[in-house]
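Here you go, one structure.
Chain IDs A, B, C and D follow the sequence of writing; residue 1 opens each chain.
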């Protein structure tokens, strides 16, 4: 059985799960199951649910809980699951965190709340969050300034993990960000600052380079999770070139999927075409695919499969 | 009895209501009652609840509904109430709007959702909102770019009210904004664009000047609502100088209260001191008053009362 | 003769000077002279030129130098002058700083350059600035996130003044900002951090409250500098109530002038009406006053003079 | 000889030129020459100078003019050159535009100036720009909200090109942006709106997809301009698959180079390694390459050359 909590040494691929809807907009729990199976079959090491890509802010509170509960109970601890609990109010965040941990979550993910973007505010906010959820709940700090509007220095991230033993993981998706990965890797795990696990988001656009800088893996929702898994595994095994060659074969479609906002619709459609979910429905407001977008996806999926086949033949 | 729905000719003062909490953070319904009484006694023409100042995003869904329901049932239509329903997902927005209207709300208030800040996105978003809530629900468009991060041109506002007969009101709180009030006033109520009611927010900082540009009143939460009411009434009665003299007497404390984010804590404390609510508690994350802030409030309240007394004596 | 350099104990009113243009858009040096006389007659303690309000970014390099040189030579050290040198490139900044100091400036003002708004970047940027201009040039750090788009924590400001002995002054115009003034005042002038002079901008909107929190004075361009001077002097002399009463008499027009962007046009028009400059011309792109704006200014100037007269009679 | 002005039907690759510096920070005119030769040898159809990538805002006015003049005189009209003239003041913009056109530029590029991001302001700003530079100067509108902070709707872009016959070209670098390319392509060249040339920036990250949506080419500074040229040419010749295969071979290094801010340092280093310029110096403030960055570039250049060689062998 997997360890039940995320920690400072957590490695691998934590796939950001979509929230599958039926065409009428309700949560499609049958697709939840098939999606979880899809992720498991493709070898992910963990799962992150109710993130931005999971359209968490468009669910009702009840839906969020039912969705989290359904997945956690199905997995029964066989795979660690991080639950996104970011929100405007700390009481609501605490309640959802408590619920999720009670259902067996491996940790929670929290992004800085919008507001005056001074970094001493972030320190104060996370002190409140840690106080509210209690010291036993492991926290992944989500650093995604393009979306949160709250840029955060490496120094502030290091302060957070130093001040709060429970802030054990960084979801890195600042951009550009290679130097930041390097800084957090180098300056944590030192005499004064404990090691921080670093999983990289940003759609995976720089994954091999981030691994070379010391990242521990990926946390993103790319619809071909098997690539993420193999890249991380090969890299860990020392096959840096092989990891990058595989990555490059998927890069054209990956860079298409990582478009902000729009990418969610593309990703759900690719998951649908691959059989993971029954419908690519995105709740409003949200992107809709045009005929040209569908043609792009046709083309990119076909080309990706060609590249991967050729790469396999060459190997 | 007041008309039950807001419309294109709505005028007066719609006070933005706080959400009163007990010191343990729960909604204090006894204070809800005393606060509503306080607003009624001070002559407001309407009330707006579950706005940003109402800490709506820190309530649970259930709390939002119980709070709205409590106020609407207590008022029984004796005062029109606008319910803020802004949120990330249109389904949740629609559900809350439906609930509020069912309980007797006079309309809903909606701010543009965060996202790429191109104005054609705003047009699309409000088309979805109108479609979702149905054509019978009057909408107040909240234009508050400092907080939403979504600036909106006068032209876009005029398109919205032209395209959607139900978008009848502008809550104006762009800054600087006098030219915008003038533009919307001049270019609505024309052959091609129906009149739009304009109520001004921004803490009331420019209220007399906005009235001179054609605004219909105020929608803000200033803790001395009697001033807002008298200023709007005197202005409507032609006593422009008297209106402004009264406003100026309150301006020192008003400009203190209109500080972004921080102002909420000051406002709740002033409401508490005036007997409207029992506790100035603000949910986390939120501003806390320091000893120096308390001294500021002591001083500003005392000085305000002096100014107003002197003004009364002079009259 | 005034001390020639700003320092950590600098106090008083540093007026932000406009750049006067003729109606054809060229710098009107005769108005430069009359404006400087106007500021001197009204008792300011220093002057800041080529700031944002000085439309510095719309001058040519040659114009900037001729303007600075003209004022510095005219004043011959009789009044300390801070020269704004903010700009995209550090070489240009260094050259202008060197020129200004050579002409007798008392210091330079620098705002963080736009870019990724992480605070460790700010620390790096100011290390480069200090290195480029050399250790003998006193620097005023301009903290104006609403305009620069770069929010900065109190902690970062304290690090800057601790790391760089030449960063002696804070131009404070964050908003809300009273707690920040208090923090910088309390945490500088301590065992580990030297005292920092704090002059407040933001149009002066909170000046009496900022003085109560320990600010040393004002640095703003309000077109009635005599008020700023008297408020600071009375406050320093212990007449806190008298200072605030005077301030309040001017507050209606002050809050009109402090509107972002638009305020510059209003301020130049008021300076023109008061005889300080010959034309209110603002270079493009820039705000233009409408007939309604002119009526506002008529009214606000008249009312201000009434208030001040009445206050004088009451004293 | 090439046509001397850009127009509504302009197609191809306009390379965004770097500004080469010596290691002492001065402009290295010998490298300017070799860089221009490099671009010519690799077949570009035009050149854009003094853009953001050209560090234009870190040059003195004199340097900008000498740099532009040097290139324009060297090319003697053999290649159309667009000169970036964006800046805070319209007078300065007009003067630089006049100078550049006098020296033989093919047009100017203008981005919206920072300020309140309402789109009716953009319309007003470009009316002033067109008025200032005169109707004979062709303008390329730069749509780069990530950097300018000013998002602009397709509708506003279409209004600009409709209202101002001289706004003939869109430099498209909004993100995500495929739908925007499609909209501008479809809705210009119609009965009421003249055709707009669309050249795509964003480092080229989506170039083949943008060409499929109707873009006319690329305007970006990728250090392998031969790829951009061949992709555009093959696509125009109907070899859509061949174009994309070539693009994909370069995509790993392209996505590295397109990182905001940081990318400039990488690009200059790659240009240096390829012999186009003598030094990769970037003026302060600006990114510096770390040892890890150099290793990334080693690796990515080597892999790119391998991919391209293999692709050639396969063809």
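Things worth noting here:
As a convention for this text, contacts are C-beta pairs under 8 Å (C-beta built on N, C-alpha and C of every residue); 3 or more make two chains touch, one makes a residue touch a chain.
What you see is a predicted model, and the numbers here were worked out from it, not measured in a lab.
Over half of the residue numbers found at the chain B and chain D interface occur in both copies, marking it as a same-residue contact.
Among the remaining chains, the Cα-based centre furthest from that of chain D is the centre of B.
If each chain is reduced to the centroid of its CA atoms, chain B and chain D end up 46 Å from each other. Mean C-alpha positions place chain A and chain D at a centre distance of 34 Å.
Along chain C, residues 116, 260-261 each make contact with two or more other chains.
Chain contacts here are complete: no pair of chains fails to touch. Against chain C, the residues of chain A that register as touching in their complex are 116-121, 145, 151-156, 174. Those residues of chain B that touch chain C in the complex are listed here as 175-176, 178-179, 182, 205-206, 209, 212-213, 244, 248, 251-252, 255-256, 259-263, 290, 292-293, 295-296, 303, 307. Listed in rising order, the residues of chain B touching chain A in the complex are 25, 55, 57-61, 87-92, 95, 113, 115-116, 124-125, 128, 132, 149, 260-261, 283-285.
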